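Just so it is clear, A, B, C and D label the chains in written order, and each chain counts residues from 1 on its own.
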Amino acid sequence: MTSTEILDIAAATQVLDSQPFSRVIGARLVEFEPGRATLEIDIRDDLRQQNGFLHGGVLAYAADNALTFAAGSVLGPAVLTGGFSVNYLRPARGGTLRAQAVVVHAGRRQAVARCDLYAVSPEGESVLCAVAQGTVMTTQTS
Amino acid sequence: MTSTEILDIAAATQVLDSQPFSRVIGARLVEFEPGRATLEIDIRDDLRQQNGFLHGGVLAYAADNALTFAAGSVLGPAVLTGGFSVNYLRPARGGTLRAQAVVVHAGRRQAVARCDLYAVSPEGESVLCAVAQGTVMTTQTS
Amino acid sequence: MTSTEILDIAAATQVLDSQPFSRVIGARLVEFEPGRATLEIDIRDDLRQQNGFLHGGVLAYAADNALTFAAGSVLGPAVLTGGFSVNYLRPARGGTLRAQAVVVHAGRRQAVARCDLYAVSPEGESVLCAVAQGTVMTTQTS
Amino acid sequence: MTSTEILDIAAATQVLDSQPFSRVIGARLVEFEPGRATLEIDIRDDLRQQNGFLHGGVLAYAADNALTFAAGSVLGPAVLTGGFSVNYLRPARGGTLRAQAVVVHAGRRQAVARCDLYAVSPEGESVLCAVAQGTVMTTQTS
């Protein structure tokens, strides 16, 4: 992200769509408001590991990016993720992965957010499969 | 991973190649010995974010999978990653991502490992771009 | 913790009071029910760092122990904390530290919990000063 | 920490000794040079949990403070710890706890460090009992 204005969902979607890796994954921004961002990803066969479950790396991608967008909703687009922790709870098999991130604290140059990652079945049933928390910093140098 | 025997690099490579998402990423297992595993990924354009850097989600994938394989080298193939923490240090631009994971402690049903993630230039210069640490558990129930 | 029965708040308080370090800190168990535990600590002068704020190590102790007790409320008393991540948000100055932990997932041999740490003023105003998440395992070997 | 000059071990020891909670714990700074800091703590009976092991909260305190001092050795004394992750490996019973922290990357306003925590017996035998990694930020606002 490269400037300091506050983003709306259309601008944030443009940022997401300008990430080549997010297009490979097929991530969609389905919620974006101050302090919150939600990404969804169809659990396609090419996103799985050897036992048929969604690969942990996809969950980690989703946590990382949802945390970044949630923080970007309050810090502006010029941000970098500092790091995050993720705990895997249950394997995700089918349907849609939904990564919901919420900012728990935002200062002038850093925000901390949490993310809940659900596997949502075609019938709409949600199962929590991972939780994450992380920090995002502005890239402004002054 | 689905049985209890100890893996050699050929068998571990087969596990990696049977992960559809790892084929999407293009991950290669370049080291696998008891207590250590190293993955490499060519930093292709489709793995980038909007500013041309390698996407953090690829770094997170590499940390997750390198930690899992390092732990699998001592716990056997029937393992699940419990979670990990990653700190991003510097953006990775080009060349090859190398994720080197080392087990720091292994018990009967869990291992803890650390991972250093380097961007390696075509000239062979390495720059540390992220560090991670995480836990991996056996899936055996007794 | 040394047996498998489920604890009530009286038994859990006995466990806390049998931890010499928790007596040094002055921790009190003010809530304990299935899936939840809350600890409180008076922010005494001997718990501070050099600038007069509550020492981060006290916040880390409180996160660790609240996560452990919350997990113990569902896994039974024979548990060990595997690890946790904490992000500090704001310094805590005075009043009471309240560490509220909630289990987000419990399996047969492991639970994952989150903890919110508040500084509560004498007037009852709460300020979130840290967030944590961690894993707790049973010590049973079968 | 409250100014921007670089510390030597005498000045850093003064900072540690001006932390009331570190005096309660009995922490000593035994190494302090650019990019490294080591704390030691005698494993006294009042630092234990209910089973006679060193309380996890003491390990977490030691990780937090060793990471902060290691970062302070390169960032200067005006720093705040942003957060850290710790994984517990083995219980610590007796002797001395040694927390060795090393900076893995330092920028202008943030450093990332790792910490190895050993239980050292009176005979000098070291056992790794926890590993941590975390971030420390300057408090300068410009």
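Quick note on the criterion: a contact is a pair of C-beta atoms (placed from the backbone, for glycine too) under 8 Å apart; a residue touches a chain by one contact, two chains touch by 3 or more.
This is a predicted model, so every value here is computed, not measured.
Although subunit A and subunit B carry the same sequence, what matters here is overlap: shared residue numbers make up over half of all numbers found at their interface. Note: the chain lying farthest from subunit A is D, by mean C-alpha position.
Inter-chain spacing, taken between the CA centroids of subunit B and subunit C, is 32 Å. Averaged Cα coordinates give subunit C a centre that lies 21 Å from the centre of subunit D.
Per-chain Cα centroids separate subunit A from subunit C by 28 Å. Within subunit D, residues 82-83, 85, 87, 112, 135 each touch two or more of the remaining chains. Of all the residues in subunit D, the ones that touch subunit B in their complex are 85, 87, 89-90, 104-105, 112, 114, 128, 131, 133-135.
Within the complex formed with subunit B, the subunit C residues making contact are 82-83, 85, 108, 110, 112, 135, 137, 141-142.
Of all residues in subunit C, only 1-2, 15, 18-25, 45-51, 55-58, 60-65, 68, 80-88, 91 touch subunit D in the complex they form.
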